[in-house]
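The same chain A turns up in both complexes below, where it pairs with chain B and then with chain C.
== the complex of A and B ==
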């Protein structure tokens, strides 16, 4: 049959044009505008003067940018791998259950994920508040000195990472469960016929076959946690915001508190590049690891 | 032809007149009053609407206080969706003017409202004035005050016969009062919002003011001995922490709870908590309490205050709506005696000099502090929830809780302020 390629291209174009229009309007255009903005001294709203690379060069010597950058890195280290690990362990546990019991346990682990961040903040503030937090009364009973968890730099990031894992691991558990169910039962049957131990079974069968899901979960987590804002913002209200800064928080501060749209855009561009670089690196690393297996 | 035109215009004119006669002018109103004062403001709005039925209706929306409110105002002005009237902190006006968010209140406007400079305290009038022009109509001033539990103070023997705390005129005297309370078994003589540096800015700024210090002089932060004055202020508060005289790592709600539950005998907080105390006391759930001007810790009296004012957003506005908005502002000020039950000190002079106001407690006890009020420095960087707040908070919290040396904190603060 003769194919009218021109016609087909035309039809294809017509079919994808709504997507292209929306994508262009809501992603490409704002991104270009943001990069443009980052070279000006614009306030939050309205145009500004062209200042070249000024907004970028001054980031190098800025204390707040420094804090924000390292805090973000620290938070990612505290949440991505541990979060993935916790989710995998829970998923392995849940997958051993069956029927209603499994549904119930899964629901319990998934429950925090459906909470809005403000509720998560309230829950944990009530638990860990220095004067009235429930945990502090437990500390008193055990004779441990009370710790102002969200007001010290030592405990702030670990605590926020813990809360984040508690809050978001439900979704990763679901992904892992789906991955586990995709592994054919025959492989396990064959292995048990060979008298394989449980650990070997995990190391030789589950872990390699689950690898694509693990790679997916870490990548999702990585991108998500690089963009951390809500929890840090809420937990540091009134506390020590400038010591707890993360990159998105710093963008917020520059744009909405200091009214410096141009400088905020420069940080946003830097974060954008970091996310791109880190995700590509992560993806390559995962592929490399897969090939070595 | 001509005839037709004339008839047309007459009909058009008639049409206009009838709409003017029938339609109510709707005044879109935004505020950030979410607490006990918000309840009282709603009552005032209802009264206004009832009194102006058929002419003007206020359509009020309450939004989240702080950065969210001011960001929304800014974006709404930019796209022409701003309200007709909004509450505004006087301390935020310098920033607002630099962002072109506010419409000037002209001399004609003041005349229309029947208000003028003479009706306000000079510090308050000055707070809404930028380069000789006014950008808002002050509704109140809301300073911080010292709340105290009369029963606990009396039990510790530190309540005067007039029913106010002893030792209010010196650092030594006030510290003695707190020590007496501590010796008498009070857990926290002073409940302080030590977990919230934003809030403590008010207290610390007052103490800097009590030494005649300034935060910004000639556009520079903490010049000359002002850095030392801030250090002194922080040192006093840190000493209280080290002696166990004030609560540590306490956030705002916890501080109020410590005071109302009797675990803290005194508390430095805004006058906006007056309704909380009044309502609790009326319900029989609170001890006898009082509120006075802050103690004089250094050599002169000074108390931080801000002002809730009414502002009109920049942008086109039809004359009818503007007239209605002016009427709203004028009415609110002239009826602001009721607003005083929210703790705030009405800005409109004729109200505060009235006999009814003089009989109101505890307002009458702390009202004399109006003479010693200091407002935020006039800078786009200052003001509630402004850029300075985050810097201060970051170093106030560790210092107030005894983890950072005051002099070191001030050094860091200066570096960060200059990094903005």
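== the complex of A and C ==
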């Protein structure tokens, strides 16, 4: 059949134009506007004076930005790799089950993922609260001294990371399970005829074949966890928000507490660049590692 | 090289019996084909020998060693899978060496075996490639190479040619037969393709409905099928079956024609007469055949012609004629049966052959 390519291009453009319009209005324009904003001293609402790179240069020596940056890095380190590891171990376990039992166990592990963050906060506050948390009564029975987990800097980030892993690993488990199912049973059968022990089976067959999924999961987790805000905000209410500052929280403080839209935008641009660089780097490095193997 | 003995082995999936008390002895160095329609249990039987399916009851001896409870790796057998089951993340060399390294074989010996196998299968140049960079036929070779390097007691093939195109299948068939002659090792080969079974095997084991129907050389199962199932399953085009009754050395067919049959059946009864197309000839002159009918379809195959004829009672029969057959659809033709190649089958499917 002969086709009129120009006509087809036109039809294609008409069909994607609603998407393009919404995408431009809600993503491209705000992004450009934010970058513009970061070069001004604008308050939260209304325009400001052009100040060049001032907002960026000020970040360098700022103590709160420093805290936020390192806390975010610490949180990512505590949540991404352990979270991926935990999800993989659970997926390996779940994949050994069959039928309804598998569906049930998978549902139980996935359940936390559907909870809103406020419910997650409530659940874990009830559990770990210094005064009336259930865990504290258990501590009492065992004769361990109570720990104000969300009020101590040492415990705050590890505890939030733990809760985050509990909350979000259901999705990673699903991805890993899909990856495991994509490995043909015949490969395991061939390996068993090749005298492969259980550990070798994991190290030489399952792990390398699951590597693309692992790369995907860590990248998704990285992007997600670099943007940590809600959990830290909720768990630090009544605590020490300035010690537990993370980047998005700091943006929130600058914009909505200090009424400094320009300076908040500068931090947002920095975070945006960090997310892009780190996630692209991570994904490419993992692909490179795969090729080298 | 080793003898494989199955002694009353059985297998069930849940409440469904898939292998029922099968006994079979495979000689050392023999090429045996398990042939049967899908669902006949042939693949299950092979997987039970490999150790990929458990044996519920009975004994399995590989080279005289009780093996029914051994894990797959310790049975000293190698298997070539239908989809090759190569390790996609390893090079051809690593695919072949993987099993040897797992048993801690010395590196120089591993390399020697891999090189030998690669030379034998003419794939030296492929050793550093990944399976994804190979064609279907090349993958097939790697799968065979992975089996060869183990120098196993027996090779197990699970429909290894079914994923290849027709031309490659014929070539690989010949290569496998050559490989068997060169290595002189025990091979068990599962297929539903009777051409593969007939051309490659020393003996064919025909399975149907969870049990063995017949064990014999290709010519035995072709000329003296033990049952109606075997008679219908082996041969292409398949055997003609005509209902009739036997009495005093002759079969009377439904169209009234009488055919002399020197068959030692125990009693006069209704039987099914079986005769292969090549034993049914189209007669030149009128009135000298055993029966007659009208030609419906003529298939010219070059060196021979298949003539589909409907007898007067409506039953269909395929006759074979020479390559330059003048027969046309619609012709009335007389057919002559070669009575030395007659078979009779009773209601239970049991066969009697012409003497």
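Keep in mind that, in the parts below, the second predicted complex is superposed on the first by the 288 of 293 C-alpha atoms of A that agree within 3 Å, B and C clash if a C-alpha of one lies under 4 Å from a C-alpha of the other, contacts with A are read in each partner's own complex, and residues count from 1 in each chain.
Everything below uses one rule, namely that contacts are C-beta pairs under 8 Å (C-beta built on N, C-alpha and C of every residue); 3 or more make two chains touch, one makes a residue touch a chain.
Bear in mind that the values here come from a model prediction, so they are computed numbers and not experimental data.
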> For the overlay on chain A, clash or fit between chain B and chain C?
Replying inline: fit
> Should A:208 be classified as contacting the first partner (chain B), the second (chain C), both, or neither?
Replying inline: second
> If you stack the two complexes on chain A, which partner ends up touching A:259: first (chain B), second (chain C), both, or neither?
Replying inline: first
>> If we overlay the two complexes on their shared chain A, which of chain B and chain C does A:272 touch? Say first, second, both or neither.
In response: neither
> Which of the two partners, first being chain B and second being chain C, lies in contact with A:242: first, second, both, or neither?
Replying inline: first
>> A:193 in the overlay: touching chain B, chain C, both, or neither? Say first, second, both or neither.
In response: second
>> A:62 in the overlay: touching chain B, chain C, both, or neither? Say first, second, both or neither.
In response: first
> Vertex at chain A, arms to chain B and chain C: angle between C-alpha centres to the nearest 10°?
Replying inline: 150
>> Comparing chain B against chain C, which has contacts with more of the residues in chain A?
In response: B
>> After overlaying the two complexes, what is the shortest C-alpha distance between chain B and chain C, in Å?
In response: 53
> Of all residues in chain B, which touch chain A in the complex?
Replying inline: 67, 71, 74-75, 78, 95, 98-99, 193, 195-199, 247-252, 254, 257-258, 380-381, 385-387, 390-391, 393-395, 397-398, 401, 403, 415-416, 419-420
>> Touching residues of chain A toward chain C in the complex: what are they?
In response: 184, 186-187, 189-197, 200, 204-205, 208-209, 211, 293
>> Which stretch or stretches of chain C touch chain A in the complex?
In response: 50-52, 71-74, 77-79, 81-83, 85-89, 98-99, 102-103, 146
> For chain A, which residues count as touching chain B in their complex?
Replying inline: 43-46, 62-64, 129-132, 148, 151-152, 237-243, 253, 256-259
